[in-house]
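The data blocks that follow each hold one structure.
After this come two complexes, each holding chain A, first together with chain B and then together with chain C.
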Partner chain A sequence: MDNAVKTALEGVGIDVQEALDRFMGNEALMMRFLTRFPQDLNFSALRKAVDAGDAAQAFTAAHTLKGVVGNLSIHSLFHPVSAMVEDLRRGDLSSASQQMGALEAQYLQVVSALEHLQ
Partner chain B sequence: MKVKISRLRGPILNAAILILVAILLLFTVALVRDKLLQNAQDLGDALVDSYAVEQKLTIQSLTREVDVVSQYVDEILKNGGDYNAIQTWVNGHFSKLLTVMGDGTSSDPLFDFYAVIEGKIVAANPWEGDEDYRYQDTDWYRQALEADGQVVCGEIYTDAVTGQRIFTISKALSSPGDVFALDVYVQSPLFQTTGRALPEDCSYYLCDSSGTLIYAVTRWGLDEEMLQRNVDYILSGIADGSLVDYDASFLDEEGVARGVYYHTMQNGWTILLTIPIDSILMGEKNTVVYIFAGLALVVFLLLSFFTVLDLFRNRRMKRADDTAHMLGDSFYAIYRVNFVEGTFEAFKANEDVQHATPASGPYALLLQAICSLVQPSTFRLFEESFSLDSIRQRVSQGIPDYGGDYQRRFGDVYRWVNIRTLYDPELTPNEVILCFRDVDVEKRRELQNTIILQEALDAAQKSTKAKSEFFSRMSHDMRTPLNAILNYCTLAEKACQCYDNGKLQEYMKKISFSGDQLLSLINDILELSRMEAGKNNLDLKQLDLKELLTNLAEISRDRAQSEEKSLEISIEFRDPIVIGDEKKLGQIINNLLSNAIKYTNPGDRIRLEARQFDFQAHSKYQIIVEDTGIGMSSNFLEHLFDPYSRETAFSAHSTVGTGLGMSIVKSLVQQMSGEISVESTLGEGSCFTVTLPLVAVTGQVSTIQPAADEPKDTFAWSGRTVLLAEDNELNREITGEILRQFGAQVVSACDGLEALQQFQAAPLFSIDVILMDMQMPHMDGCQAAEAIRHLNRADAKGVPIIAVTANAFAEDIDRTTKAGMDDHISKPIDSRVLQKSMQRLISQWDDSRRKLGWVREGEDQG
Partner chain C sequence: MKDTLRKTLLVVDDEEINCAILSNIFAPEYEILTASDGLEALDLIETHRNRLSAVLLDVIMPRLNGIQVLRTLRQQGLLNTIPVFLITADSEGTTMREAYDLGVMDIIFKPVVPYIVRRRVNSVVELFQARKQLSAEVVRQRDQLLLQTQKLAELSMGMVESLSTAIEFRSDESGEHVRRIHDITTYLLTNTPLGQGIPPDQIRLIGIGAITHDVGKISIPDAILNKPGRLTPEEFELMKSHTVKGAELLSKIPQMREHPAYSYAYDIALHHHERWDGKGYPEGLVGDQISIWSQIVSLADVYDALVSKRCYKDALAPKKAMEMILNGECGAFNPLLLDCFQTTEPVLRTFYHLNQEGGTPNG
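Then we have the complex of A and B:
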């Protein structure tokens, strides 16, 4: 694997080794899914739901997003999303919306890094 | 028995007294009647005697007259008087006598004088046919001569001349052959004097020695013949004795009972007197007698009524008494205490107090005896609470029921006793009832209950406190690295813009460091369960869970076999060495196993199954105890884990065991932060599932590891079909690709419902394993798994279902197990763990579905 790519990925908080392990060392497969991540609609769904104040919808979106970033080992997103999932599980929308800005910043970083790879 | 007799005595006594009174009353009436009749007899006798004396006096005066006249005639003769002189004197004397004796109103002749002087008849009233009359043949003449100078009174006969009934009184004169005689007319007023003095309604009869009626006075105007018949009847009754007794009576013409009194005079005459019995007994005072009789009857009836009333009241009282008795049976001692006089009376007492106190006496004695048995620590309070002053005070405050529990010495042991003072101002204004009941069993149970509740409360409070402390610390701790990350990100962004790779790298490292820190914190949260467990005094040590289970099962197997029940064991651990509380684990398993043996019948099967789920750093161990025994009703199941659930059914106290077994198991499992669940059907059996988070000691398992890893090398993925249910497209594809990497075919479903439909559509046994996401629309993972398990097809029960979830707490695993899932895989997926789990489950599935007739493609049949 290209060291620069690996560094870039690790730079936005992606545990490349863990992800590779998940895809059983299949780098191409991993890259295919990583590059597809920007197209995943869960983040925008989460943001819309939080903005709209729909806690249930926000929870579903956050939960799914957590699953996706987990599978892709995007730790920089996995941990804040996990925290948000727990907030939303309790129905604590205000706490979630407070975290939303930071999460979005992080998300945009990851997305931009991944889009750069394409 | 004694009691019964005494209870019967009341009514019987009353009835007896009533009967006695009645008898006495009748006896008295009879006695009075008797006495009256006797008195009447005396009176009657006296009356007839007086009548007889009257008649006798009449006859005596006539006799004396004859004697005097005879002496006069003798005198006249002696002095030379001739027949004519005598005739003249007789005539004169006769008229004088008539004036004296007769009443002068009656025309009936009373008597007649005459004499035989020198063979000639001298008469006061000249006789007709004197010449033919042969005086020498008459009774009076002969009897007079024979009497030798004495006056003779003859029998009654009918006078030949007058046809009247007469008797003759005669006396021989001094000159031989001369006789003086007096004819007395019996039906003359001479003998009819008595009638006027007769009592009312009485009948009077005078008859001669032959029974011929001389004179009668009755209230009826009967003719002579009828009167004679009456006299004949009465005389015959006297003769045969039937009318002699004082209480004898006969019925007269009007049907009135009459008593008879009689007197036979010297000359053979008989005087009869009859009196109506009624007039003797009641006389004229009938009304008074009736009033008294009526009053007596009323009194008697009243008495009877009250007796009957009493009988009913007694019966009710007896029932009330029985009830009180039965109520009293639950008290071992009962006293009545008169708080005004300060005395007591014992109704029931325990032996020890009975020996120490009299059956009644001063209350102070009793209190002293009772207090001496009270546990020393409560002695003072007890003495105060039940002193006379306290009782009086409570009474004045109107407290009807007061008391409490205390420990009392019975011989050498102390038992809990409930003491009460009961007061009812209406029933006993001056007394309270003091009673004692043995409540040892209830009290101990209650205390135990309180202890358990207190412990549970303490545990809950501790746990809550620990949890909230933990969370507040954690959220604070989490903010620090998160802030660092965010800040460094901003910095990195700027560095990026400046293309300062050196700084960027540095920031990234710091970000990574903070991220790791955060990750470990989150892991700590997942460890919360375990941390809580650590605060519940668990004696955590390294132990071999497999060995522990095997040993316990072996012990139970002996018992099971002796009761003809089979016990199967199946233990599948990758890491058998864990950190845990061996004693408490043993307690849980033992309880489940012994319950299984207890609630199964000979021939039933018991299965102990244990397995391990991997999850991140922690392992979840699941222990299943399943039996084919008697099972439980759903009603009972609800309360299975409640303390004393068995006792709440108001059964007898002698149930075996404490009824705490299952609640203890539950509390132990909870202490270990585990979950316990039970499924049971009445008559079919029960299945207890315990899921425990235990720390696996991985270093110790090397000897087993190769064996567990072995299938990995030999497992053939080709031709295996995995049904994958995952709602997120990207995730579905990622997992799908991973599975394809294994070499498996993937059938995808977007949600639980579709997974169910896909499974239904797939050929029998064609699905090797189902990977089920938990959070899905339409039907979540648990619902879908349950629905699949309930499908009516041969592979529905056996197809392995693996849950994929981000939730890692024991209760989540418990939920998936309940839904019928076989294993639990955490998100994000660890490919190796997933592969291992799938291989293990598919291999098992191969074995079991072969038994159901499945043949794998490419395999030889048979």
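Then we have the complex of A and C:
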């Protein structure tokens, strides 16, 4: 992998080496899922459900999003999303909603870095 | 054979990235099947149940979730033969508890760490394979043992028969004699009230016991055994000793003593010349003191001697032989035994016809 690319990904909180290990060193496979992340619908589904006050739907979206960012070792999103999953599991929509802004800012940074790869 | 060589793994997850990561980890060693929800998973398990090495199962999925899949597999009893691993993103208590209660093999957390998930899955798959091979081996060895036991039983039966036939040959009788005594005895026990209450396996053992009834004749000198004329009283006394000698001989062969037919063989060798009225030998037993099998062998022995040619006499017609027995010319017999004998004699007679034509009666 290009060092500049690696630096850019690490700059937005992606542990490239850990993700690569998870894909058993299969860089092409990892890159396929990384570059597809901006099209992943779970973040917008989460935001819509939180805005609509639908805790159950918000939980499902957050849970799936957690799985995806975990697999891709996007630590900058994994930790805030995990916290939100636990809030939503308890049905605590207001706490989740308070974190939404910070999460979105972080999300946009990651998406922007990934879109630059293409 | 092919199925056991190629290990197959089913990955169940609605998220493509999870399926991709797990498939990528196991693809070098396994043929990978994937399902994107619980219903699809159950379909695939149903189709491939005999060749699945393990199932990796997500929890939260559309249509049918992982816990529901586990419940169904448990109902079908499949969790004992196919190890199922729950792959979950959260360590929430109730789900894990329920999964373990249902019989899940292990729980692996997402995001997975490849070397850990590989080690845990492979260890269990190897364990299940070893267990399967071991139980197949146990079944194979058990079958082999049964076969050997059967062969041994046949061999020992053959030895007993050979010994008895060899002794019969000395007295110039055909080897068919022991065979016929066996056949008549088992026929009467199986097909008349005489055998009431005696199970088939015991009748089989009595048949073996009947074969050795005359082994004691090995101790009788040729001059007496094959004497064409009447025996002197001294000679007759010696001849009578073949009963006691026979029982003694059987009791001195350890392998015979341990044989399940031994008690019958001993009793028949000793008592097959006793008579219902107590005028037989060697013990002069009366009536029911003589076992029913010894009584039957006595009668069969007399009948066979009458209708066969011997060194001291010609063969009699079966009708004549039966008359002599019923008249009491050959000593007294149990009335019930005579009754059964009279009824079945037309069948017993055919054993001889069959033998002349080279067949073997009664199997």
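In this text, the second predicted complex is superposed on the first by the 118 of 118 C-alpha atoms of A that agree within 3 Å, B and C clash if a C-alpha of one lies under 4 Å from a C-alpha of the other, contacts with A are read in each partner's own complex, and residues count from 1 in each chain.
Keep this in mind: a residue touches a chain if its C-beta (ideal position, glycine included) is under 8 Å from a C-beta of that chain, and two chains touch if they have at least 3 such contacts.
Keep in mind that what you see is a predicted model, and the values were worked out from it rather than measured.
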Review point. Quick one: chain B or chain C, who's touching more of chain A?
Key: B
Practice item. Have a look at where A:Ala52 lands relative to chain B and chain C in the superposition and call it first, second, both or neither. Key: neither
Review point. Touching A:Asp21, do we find chain B (first), chain C (second), both, or neither?
Key: both
Review point. Does the superposition put A:Leu117 against chain B (first), chain C (second), both, or neither?
Key: neither
Review point. Thinking of the overlay built on chain A, is A:Thr64 touched by chain B (first), by chain C (second), by both, or by neither?
Key: both
**Study point:** Partner chain(s) touched by A:Leu29 [first = chain B, second = chain C, both, neither]
**Key:** both
Review point. Once the shared chain is lined up, is A:Gly13 touching chain B (first), chain C (second), both, or neither of them?
Key: first
Exercise for review: Mind working out whether A:Gln109 is in touch with chain B, chain C, both or neither, as first, second, both or neither?
Suggested key: first
Practice item. Enumerate the residues of chain A that count as touching chain B in its complex and touching chain C in the other. Key: 21-24, 26, 29, 33, 60, 63-64, 66-68, 70-73, 85
Review point. Taking the complex as given, what residues does chain C use to touch chain A?
Key: 15, 17-18, 20-21, 24-25, 60, 89-90, 92, 110-114
**Study point:** Interfacial residue positions of chain A with respect to chain B in the complex
**Key:** 10-11, 13, 21-24, 26, 29, 33, 36-37, 40, 42, 60, 63-64, 66-68, 70-73, 75-76, 78-80, 82-83, 85, 102, 105-106, 109
Study note, to complete from the structure: chain B residues touching chain A in their complex are 478, 482, 485-486, 489-490, 492-493, 504, 508, 511-512, 515, 518-519, 522, 727-731, 733-735, 737-738, 741-742, 773, 775, 777, 806, 827-832
Point to revise | chain C partner contacts - residues on chain A that touch it in the complex | key: 21-24, 26, 29, 33, 60, 63-64, 66-68, 70-73, 85, 89
